[in-house]
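Order as written gives the chain letters A, B, C and D; numbering starts at 1 within each chain.
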Amino acid sequence: MGSTTMEKEILDQALCATDLRVATLDGTEILHGIGFTLHPGKILALVGESGSGKTTAGLACMGHFRQGLKLTAGSVVLHAGTEGNILELPEHKVRTLRGKEISYVPQDPALSLNPAIRIGEQIAETLRVHRFGSSEAERRTRVAEVLAEVGLANDAAYQRRFPHQLSGGQQQRVGIAMAFACRPKVIVLDEPTTGLDVTTQAVVLATIHEMAERHQVAGLYITHDLAVVAEVADEVAVMLEGDIVEFGPTQQVLFSPEHRYTRKLLRSVPDLAGKRRVGTVEAITGEQPLVIPGPAGNPDTTARHRDLDDAKILEGTPARAPELDAEPPAAAGPLLRLSDVAMAYGEHRVLDGIDFELAQGESMMLLGESGSGKTTLSRCVAGLNHAYTGSVELSGQVLANGTRARTAEDRRKIQYIFQSPFSSLNPRRTIAESVEVPLRMSGVHDKAKRRALVREALDQVRLGERYIDRRPGDLSGGERQRAAIARALVNAPSLLVCDEITSALDVSVQASILDLLRTLQNEHGMSMLFVTHNIALARHISQRLAVLQKGKIVDIGTTNEVLENPQHHYTQELLANVPTF
Amino acid sequence: MIARIIVKRLLVSLVILFAVSLLVFVATLLLPGDPAQAVLGQQATPERLEALREQMNLNDPVWQRYLSWLGGLFTGDLGYSAATNGPVSELLGDRIQASLVLLGFASLIAIPVGILVGTFSALKRGRAFDNVSTGFSLVLASLPEFVIGIGLIALLSTSVFKILPSVTMAPPGEPVWNFPVQLILPTLTLALVVTPYIVRMMRATMLEVLDSGFVEMARLKGVPERDVILKHAVPHALGPVAQVIAIQLAWMAGGVVVIEFLFRYPGIGQALVDAVTNRDVQVVQALSIIIAAAYIVVNLLADLVGILTNPKLRTEAVK
Amino acid sequence: GQGETAVLAAPSGPPQRGGKLRVGLAGGGAADSLDPHAPVSTTDIARVVNLYEPLFYRNEDFVLTPLLALSAEPDAEAKTWTVELRPDVKFHDGRPVTAKDVVASFARITNPKDPKTAAADLGILDEVVVISDTVLEFRLNTPSATLDDSLGQYSVGIVPADFDIKKPIGTGPFKVSSFDPGRQSVFSANEYYWREGEPFLDELVILNFSDDDALINSLLSTQVDAIGQIPLALLEVIGADPRITILNSETGAWLPFTMRVDKKPFDDVRVRQAFRLAVDREQMIEQVLSGNGTVGNDLYSPFDPGYAKNLPQRTQDVAAAKKLLAEAGYPDGLDIELVTAPIQSGAVEAAQVFAQQAAASGIRVKIRRVDSTTFFGDDYLSWTFAQDFWYTRNFLPQVSNSSLKSSPFNETHWDDPEFNALVKKAVVTVDEAKRNALITQAQEIEYDRGGYIIWGYPNQADAFQSYVAGLIPSKTGLALSGFEFRRAWIGVSK
Amino acid sequence: MSVIESPVQGAGEAVKPKRIFARMMRQRQAKIGMALTVLVLLVALAGPLVLPWLTGSTSTEFTGRPFKDVGVFGTDNLGRDVFSRFLDGGLRLIIYSALATLLGMVIGVAVGMTAAYSGSKVDSLIMRSNDVLLALPQLVFALLAITVLGPKGWVLVVVIGVTHAPRVARVTRSATSSVITEDYIRASEMYAVPRWKILASEVLPNITGPLMVELGLRMTYSIGFVASLSFLGLGMQPPTADWGLMINENRIALVIQPWGVLLPVLAIALLTVGTNLLTDSLARASANLNAGKN
């Protein structure tokens, strides 16, 4: 590159961070000297799994370090250095820059908006402290303007709302409005769409994109969602344990990754088309080509080698469990049948006449946006909600409503796995103690026998001997979820109800869990009700797909049928909003 | 909306008060000794005793006595004091006033001081001021109140500096606040007893609030530190602190006997001990109800503060 | 008016007129009253003494002295007493005291529907008859040679015939300005008072305290001018303050342990004797009273002319006590519960000292401390082993209060035929020497077999600011010169 | 580097009590608190054993006139050796306070957990009754109970314990209701584990943090309450040596012979400061553990 381009680049840059090193107060380094440059009107995505230091890096750009962290080296310079290294400025000087020159959109708007102050006032406050505009009236106008820009209503009544009177997506847009209020040059967005459903996410992403473009703002977009990266980012930096391991234009990083970690990360991302195989075990949803398409549709050879290697390793694994063939599922009628299941919390009808059947050995995905009643429905099946009406039949027998009213055998057959592995295992008990509870309750009194069964179940979920006496606190999220699955498996159930069991986990962990479930289905012919709001998983786990909206099943059929020919406009909208790359 | 919440809490409070009245009535029935005998003393003749029993309705069935007492409460008739041979309200009127004065002055000192010191402590977390104030409040909170009182008397009244009167002595009929100098020591003692709790709660809540996302966000917005604290942090700490203050106030209303003893303060605490030892049943009952009512009122006030500082409670439907 | 200008030396010279005396006293409560005939608490007594006057009174040397009477003479068989009233005595409202008022006063005291404190003592009184404007006859149903003593109690003050408790009127040196039960009373000088020049004070304020500490603190911080009854242990220290003067009076008041002679184990006289021998009286005085008291010999009424001085002083004798107990069937000692209450300063302390001393003789005392109301409650007079407190009294009045079957406060359930006979005879014996001889004999019986353990007579110690003058020691056991504030005066204008 | 599933995830929620304890003891104030508490406990426990060997007199023997400078710390209101009484006077206070605290905790925890676990109707019934007890003036309750039943040890323990219970119940309930929504409770429900067992083995271990804090607070309060009752003459029976009683007996002589008051006051203050420090650092330790949750 010539020197002119270099200069142009320097003039072009909105923020330049170099050699950022951050450590905890007791000396553990969290960022090991990372650096990046932001350009006006461009968005740099910072990706990496949880705990890799993304937030820390983003906040460092603001000259802010969380309690317990300190900067050990590095500089952050704003547009060509007029302010010098902002990390060396005194606190009150940095304050004058924050919100004005460089602003921040937090991960969780629910926590970051002051619950006691009206949203209009919160935006106006930013304007006021930075003396934006010459009069209060002018600032009021700006508040209305910026609210409109993010696509919110901007009348006085709306501005007088409190944060809790807005939905999550609206809260997040208020956060964005606040960040853009003073027309900053740089904006740091910390996972602004995590926790939002796809439809809302699409709107928020569009807003961000448009705002950055229109005002020529440089953006640092922190996320772990690669699909989102493909939507918004111009450049991508991949972080791993405090280091940037790969950096480049979006297209290059996503479609011809160089670093092994990036490739692994990419491979874990499920796609709606089901073209990539997530994990190593085949799903029984149909054959998938082991191909990851490059930017121009050319096979990506680097990745391919790895996958082919993986496939080789798996050659010994049979596609289906042999006994499954021996015992045709249709013979005994459906394993599970729901007829006219309905449920209401007080006035609020959450389930409204649900009917469906599930055959033995079949896996069905239950899809729906947040609040559509997925959890409620799956808990009715598991007997955790007993206030429902209608009937749930297992192998032709109507089940009692609550678990306590069901027989031990019924309880054994249906097992439920909770969404959050951080909450479903008692932190004070060892894994073995938690896993053996179902055995204890179904009358296995022999301690040695219980231990043996527990060990077997842990083996099934690929958690070895060494986990048996640990406590959940010593396990990663993925490991915990495996332990929770082991608890469900220990009694050899015939139906597994999984309620968004991967949504709290990183993509790579999600991949391994999906792997595990597929193996179980293959080997033991277990039926599965897989609840999720992530439609991209559909082809990776289930043969059938049911779409739930406002307590009603609006679309049901085989996965292919529904995905290719959605009947209900809600399903169509969902499909349209799924970010892909 | 607020009105509805308040009305609902008021109703619940009334029910609680009613239950308290029942409990108090039953409990006082258990007091040994004959109230009539207690009034008339040893030499009383059986006829006199009988006459007084009749006069005090001691011969009626229990439930009837309860109902008439309860009825009296509603009409402001607190009953009849065995000790003074007069209406309880007459006996207690001045004392309630005196207690309220003490309580008022003490909280006037304790609440602002507690909130200020607590806030500063939280802001200067880990620094000298914080350590000193945390240490002080810890020690003060650990000392029984009479120890603090005795210490102050020795220091300011009788031994080291002889500058303040050690006991309260208003002539009859004159309210205590006519003698402000005499109020200093009891007020100070009470304030010293109460302040540490407020300091500690304020500090803890402030620490939590200062760590919260919206305070961090306010800083990231460039809001000056002073505004961050005054506008964003402090209002959030007030709700929980109001609860602690309420508990402390309620305790002050009924639990300052020791302090009243020490300073000969003419409040209800002393009247209570007196009434129990004299078996002055109706006074005990009246005082219990008054103290319970005070407890309920301050708690209601604290809830109100909680509701006012939390728009979520303010705007959401009554649960 | 904090008395900053007060001189440190005690005032001397002729009494000065004017000023206000603020007196702090422990005790009293919401039940306080101004009833002349039913004083209960110490503060009641202080008020009664200053508002009302009986016909006779016990002066500071415990000598019976005429007050509203000039004289009282019994007839030969002591069945009728003739009392001559002091002339020119006026009530607070200026009306003269007449014989009719005296009759009404005694009618009020002995009203069978509402008998007052002295009613039991005056049970012998048949009627009071007006002879002339200043002469009355007290006619008795039973002869009594000591009626004048009964007329000399503070609870038999003379009040007008139309006395109303709401407007309390008497002949005392002070009259009521305001009264707040359990808090304080304000009295002002009685301009009609019959004693020349008295009272010297313009105003007297009596304040109730429920706590000794507060009481002493109020004196030290000059919020009161005088306080009654300070803990004897603090005497020296408080006296060491140059601003404060101590009034230390020997008294005949007593703080006995009471053993019920009709109940096990005290129904055996040897047990009673053993208990009496178990006490180290000197140590009692030392520990309980810090040395401020006189050793007792298990006898009351030390100032009675008939007091049995001849009896040997009983001292601690552990061996003898053990022997007596063994003889009574307690070779291994015995367990006993002692009921005590803060009925008087020193009571609970005495109980503890006794418990410690008695252990040596094999008497294992378990102290049960109750509050005063419980103590004087339903079980009062039926405790097997307890305590009590009595002010100074002469023998016969004391006996009629506590040592006869008919006595209202016979804590020991004492009912000894020989003793009764002697007392009965003494009561009607007008000749003083003979009567005293009989009293001595009766006391010897008490000494041998009685149910009281009388280990000593505590001093009465009061303290006041040095600028207060006119207060002198009094043997009555009542605080602060027997509460006779008529003679008190303030030495320096404050 | 290649490990995807590296266990980087937060250290997770509170784990073994042992860890809390270790974390707690790492703080300076916990060490001070421990030292103070142990010191006072040692005096209280060993005190009665070294009598009269150490001081030359038992706690009820007379060594001189009241309030004199005889012996190390002088004499008390009855002329007994203050030091001997001090050494003999801590144990009962501490035992009573501990028992009262324990009683209050047991009742409060049981009631609070039951309320939170039973949900809506039962919950509001229990909590409203709790409010009634809270509104009932404690002192009235204590005075009445002691007047009716006499100032016996068990009465003190029960009275104080019972006044603690509603407060403990409140704290327990709020702690429980945040645990009760956790999925591992639902999981136990799913396996039809008996309700009492869920409370005992799933809920209880997870609310020990706030409960320990409450325990410390209640202990402090118990000590103060027992001492105050003695101060008002309603606590221990004489001639028992007892710190609270000593303060009451000797406070009139605070100026001339302060040791009779100072020693017990100091001991009580040190003990409460000590337990408070421990409690505080315990709270901090468990807060730190929870902070690592994210």
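In the analysis below, a contact is a pair of C-beta atoms (placed from the backbone, for glycine too) under 8 Å apart; a residue touches a chain by one contact, two chains touch by 3 or more.
For each chain, UniProt lists the protein as follows: A = ABC transporter ATP-binding protein; B, D = ABC transporter permease.
Because the structure is predicted, anything quoted here is derived from the model rather than measured.
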Between the pairs B-D and C-D, the one where more C-beta pairs touch: B-D
Euclidean distance of C-alpha centroids - chain B vs chain D, Å: 23
Rounded Å distance, chain C centre to chain D centre (Cα mean): 47
Centroid spacing, where centroids are CA-atom means, of chain A and chain C in whole angstrom: 90
Separation of mean Cα positions, chain C and chain B [Å, integer]: 41
Residue numbers of chain B (touch at least two other chains): 32, 150, 158, 261, 273, 277
Touching two or more other chains - residues of chain D: 147, 251, 255
Where chain C touches two or more other chains at once, by residue number: 213, 371, 374
Interchain contacts (touch definition) - all pairs: A-B, A-D, B-C, B-D, C-D
Touching residues on chain D, where the partner in the complex is chain B: 128-129, 131-132, 134-141, 143-144, 147-148, 220, 224, 227-228, 231-232, 247, 251, 254-255, 261, 265, 268-269, 272-273, 276-277, 280
Residue numbers on chain A that touch chain D, as the complex places them: 49-52, 240-241, 260-261, 264-265, 268, 382-384, 403-404, 406, 408, 411, 416, 418-420, 422-429, 434, 437-438, 441, 471-479, 487, 508-509, 512
Chain D-touching residues of chain C, taken from the complex the two chains share: 212-213, 216, 231, 233-234, 237, 283, 286-288, 290-291, 342, 348-349, 351-353, 355-356, 367-371, 374
In the complex, chain D residues that touch chain A: 1-2, 4-16, 182-184, 186-193, 201-202, 205-206, 293
Chain B residues within the chain A interface of the complex: 211-214, 216-225, 227, 231-232, 235-236, 309-312, 315-316
